[in-house]
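Here the structure comes first, spelled out in structure tokens, and everything after it is commentary.
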Amino acid sequence: MLSQEKIISHRLLGLQHGIHQLVLRGAIAATAQPGQFVHLKVGATTEPLLRRPISIARIDRARGEITLFYRVAGRGTALLAGAKEGETLSVLGPVGKGFALPGEGELLLVAGGIGIFPLFSLLEAVDRSRVKVKVLWGAESREFFEGAGLAVLRELDVAYEVATLDGSLGQKGLVTDLLASNLRREGGGQGMLPSVMPGFGRGDSVLRVAACGPRGMLKAVTELCLRQAVPVEVCLEERMACGVGACLGCVCTVTTAAGPARRRVCTDGPVFDGREVVWDEG
Amino acid sequence: MLSQEKIISHRLLGLQHGIHQLVLRGAIAATAQPGQFVHLKVGATTEPLLRRPISIARIDRARGEITLFYRVAGRGTALLAGAKEGETLSVLGPVGKGFALPGEGELLLVAGGIGIFPLFSLLEAVDRSRVKVKVLWGAESREFFEGAGLAVLRELDVAYEVATLDGSLGQKGLVTDLLASNLRREGGGQGMLPSVMPGFGRGDSVLRVAACGPRGMLKAVTELCLRQAVPVEVCLEERMACGVGACLGCVCTVTTAAGPARRRVCTDGPVFDGREVVWDEG
Amino acid sequence: MKVDLTTNLGGLKLKNPVLTASGTFGFGEEYARFYDLSLLGGVTVKGITLQPRIGNPVPRIAETPSGMLNAVGLENPGLEAFLSTCLPRLERLNTAVIVNISGFSLEEYAQLAAALPEDSCIAAIEVNISCPNIKDGGMAFGTDPRSAGKVLAVTRKQTRLPLIAKLSPNVTDIGAIAKAVADNGADIISLINTLLGMRIDIKTGRPVLANTMGGLSGPAVLPVAVRMVYQVYKAVRLPIIGMGGISCWQDAVEFMLAGAAAVSVGTANFVNPLAPLEIIHGLEAYCREKGYHSVQELVGLAHCKEELTNDGKR
Amino acid sequence: MKVDLTTNLGGLKLKNPVLTASGTFGFGEEYARFYDLSLLGGVTVKGITLQPRIGNPVPRIAETPSGMLNAVGLENPGLEAFLSTCLPRLERLNTAVIVNISGFSLEEYAQLAAALPEDSCIAAIEVNISCPNIKDGGMAFGTDPRSAGKVLAVTRKQTRLPLIAKLSPNVTDIGAIAKAVADNGADIISLINTLLGMRIDIKTGRPVLANTMGGLSGPAVLPVAVRMVYQVYKAVRLPIIGMGGISCWQDAVEFMLAGAAAVSVGTANFVNPLAPLEIIHGLEAYCREKGYHSVQELVGLAHCKEELTNDGKR
């Protein structure tokens, strides 16, 4: 659970958005699951104090390597960006409950901005000879995609659609627009399972959605899916201290038979059934 | 006064005593004086918070370089030891009032342990064609000297005597023993200027002592000198915050005509006339 | 040389002086994945209340220079679920368990203390007096010597378990609070709880924490905590459990020299889950080096005028 | 867009809201080597007392995680030498000067205030109420609302200069102290002074500071200071000078959002002598980006429920 991982490679993907790719070798790769994350110590002193949660984006069990993508967001990630190849990092993980891995049917991966990263690992893990997969990804602009691993998507050779706020790549608009039109394309009224990709939607095929991105987007994705009775898993973010379920710092609220209840994003999640999550709380 | 200095070289002299040699290039070298020090920022975050005072050991005005020697004593110097060649450090300095530079006569440099470092700069600055110089240096053991720049002394080709606590190099005992026997060698009663090196002690020659080391040693050195009316300058250490005279954190006590008074080690010192310093205060 | 690490805090017997701090260690299970908890002096569990509480909305965590703020709001399953679900699991940890209790009235404290069995793995009750006294205007019980004393007095009547009074640092005179709890039945004093703090997000202009303010913990508070342990050691004769920013064995030594007979590790668990073990080993090595036969010889040494020599003599 | 940085604190007019904190800036001269001090909102000089003081023995400084302790012990040349030697030099700095005064009795405060000329570069008097009241048992004046109020009342009678009451954070209820000084003639409130802390050297077993305890300052205390500024802003209507751990413009923004109309930079000067200038520029840029015409529009915004939009609207 606590591992010293060696930095195999560490590079900046694009200056404008400050996204880095970090490959670590150590014990984590052996057991990591798509949707799990690692809790990283980013410096040698007590400042910054807390570890930083970063999703596991790629898992290479053979080489014992995991790949992380992170954006420089504040002082912790800025410090991390200075870590050099060959150095080791203290990594706690793999942490959390990841995505369900469908064995058949269709899987729609819906990402907002850097929410794509945990979905990479799911995309790689799913058996695409049995499950049809498509990626919907929205962000600000063309530059963002280029600095955020669009190359990885291309390399993985998967069907994808993108949306940009400024229209500089793909459709102009939000990723939820892409989702709505994908869901609409095949109709799909209440109770009836819609099928979104051409050639899909036969008999027993089941569509699932896995989404990651800002909370507002996840809420909208969940609503779109629920309207069409499509099962949806969402990957949440919350400020974390311990990352192991001990401090209760990172909770979300879910509905249970007994009423609203708290769940820990770090260990009960970060992946939750979209239906359960209480999106609008004080 | 605030300078970004580039690390030209940075190396560990000897594992056992953790002494590093650090060469910096920048604006400080232009005005640095022997006995002055620099106040270094050792990390990028607020931990550790304060700058660290390190004596300027060598000054190369032509190349714009200063050399520092420091021992890893705690977390600040440990962090500094990780700084790499090519990186820059934020350096405040040169700070303080250095040694008087004698233009003639004899100069005895008396060092305890790492107290040798500020004396290196004085040794280099003094015009040895006009002033006869000798170094007395005491420390624990032979290893210490080897890891603490004995090579520099040899390179500077100066007369020296060493003492070790364990007798593994030079005389067994304290540096004050060396001083006492040097002062004794030429006799020198009250009021009469003693002369300590063979061939010295003629007529107008004036002997001065410059000392740096632990407080107890400096006190003993001062007493020995005063007994023989030898002028002595001592380089003091004290915990510092600002390093510029503003916080009053680093004071020592001196005797003045008006009674005991405080002086700031950082800007009124670190070099003081040994006669003035009040050695035994609460 | 063997160093005796056993620690006896006025009836609370521990195999070594290193505990974990309430609220930072869940109900023990989370860190059991990292090591065998029976190696610890004991664990202090998350503060429990009479009724279940879902706590504060998020964000509950904010980072500060060498510290953190939390505003968890005492989320816990409540007394009943604690007894039926958590306690049986705690039994299996094979370590001394300290149960931290929080009440919003004197009666709640009394009921909580009365309900905790005296013949279980529960080795002591830690009375958290930092809760707001909702009947009396909302000021924390622990900020006034009289109300702090009353909480201890009512709790004392309900149990024969050792009682630890956990003091809040947000007071003018910590010694006065310590005296009040000592005079009203506390067996042990633990301190410090968190310092009240706040951060504002300059992007949104709003407090970072949903609850506006939260409790500061971690290395940043260490000098305040050491000072208060030193003051309480002077003020009362009860054994002290020191905490506040302890993240390595050197910090633990500092607290013991100041007067703590045991220490608790809190926020440091989040950064280094192995911190409590490393601290046990470091304390032992320090004692061995200084020539102490028992770790308890360290307690309060900073109050003597003489310096320690290398072999621990004066 | 030009941002108006001028700041008017109940009669104390500053060209911008960035001051330096007492005791961290000598009598101004040391930092004049780094930049033109007339660029500052003003400087607060080292606390002066009636009689000269040689202060505490060394060590006076100890480092702590993201902070430092000091126990300088109010070393200063005394009122007379201040007036004859320091004041003429301060005149030449061409900046607003705030004189920090410390007394060990009510009379001393009164005498100090009376002796400070009203027609010099002295723009305001900062009354440091953290000193021990030696006539009344040694507890600091500033830890009790009544004695804090009395200090302000006696000082108020002696001067027409704006009076700044400087509060100690070592209290249970900072709002009560703020109300007391506001009711007794303070024009402005400044906070926080240092938190009482302590460190022990584990090599010697003795306190690091010769004085045993000292005042904690620097980034470590920032969350406590922001919280107290927020509370005092709620408690009284006086303008607030916020300080405690400010080391960059983001910190300064945080204090102003919490309710400070001006800020003071203390310990940060030791680490980065240019910090006050960088903070002035950063505040200006922040306001420009958010579309504020005056820096004073920031003050207290964290008390509104709505979030700031990118263009500073709600």
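Going by the order they are written in, the chains are A, B, C and D; count residues from 1 in each one.
Keep this in mind: a residue touches a chain if its C-beta (ideal position, glycine included) is under 8 Å from a C-beta of that chain, and two chains touch if they have at least 3 such contacts.
Keep in mind the model is a prediction, meaning the values are calculated, not measured.
**Q** What's the overlap between the neighbours of chain B and those of chain C?
**A** Chains in contact with chain B as well as chain C: A, D.
**Q** Which of these, B-D, B-C or A-D, makes the same contacts as A-C in over half of the contact pairs?
**A** B-D
**Q** Would you identify the chain whose Cα-based centre sits farthest away from the centre of chain D?
**A** Centroid comparison gives A as the farthest chain from chain D.
**Q** Centre to centre, by mean C-alpha position, how many angstrom separate chain B and chain D?
**A** A distance of 37 Å separates the two centres.
**Q** Please tell me the distance, in whole Å, between the geometric centres of chain A and chain D computed from their C-alpha atoms.
**A** 47
**Q** Using the average of all C-alpha atoms in each chain as its centre, how far is it in Å between chain A and chain B?
**A** Using C-alpha averages as centres, the distance is 58 Å.
**Q** Which residues of chain D are in contact with two or more other chains?
**A** 62, 64-67, 218-219, in rising order.
**Q** Touching at least two other chains at once: which residues of chain B meet that condition?
**A** Within chain B, the residues that touch at least two other chains are 46-48.
**Q** Quick one: do these chains touch in a line, a ring, a star, all-to-all (complete), or other?
**A** complete
**Q** What does chain D use to touch chain B in their complex?
**A** 23-26, 30-31, 33-34, 46, 54-55, 57-68, 70, 72, 75, 210, 218-219, 247, 267, 269-274
**Q** Provide the residue numbers of chain B that touch chain D in the complex, in ascending order.
**A** On the chain B side, the touching residues are 1-2, 41, 46-51, 76, 90, 92, 238-253, 260-262, 267, 281-282.
**Q** How about chain B: which of its residues touch chain C in the complex?
**A** 46-47
**Q** Within the complex, which stretch of chain A touches chain B?
**A** Listed in rising order, the residues are 43-48, 75, 79.
**Q** Can you tell me which positions in chain C touch chain D when the two form their complex?
**A** These residues of chain C touch chain D: 62, 64-67, 69, 143-144, 170-173, 195-200, 202-207, 212-213, 216, 218-224, 226-227, 230, 245, 250, 253-254, 257-258, 286, 301-302, 304, 307-308.
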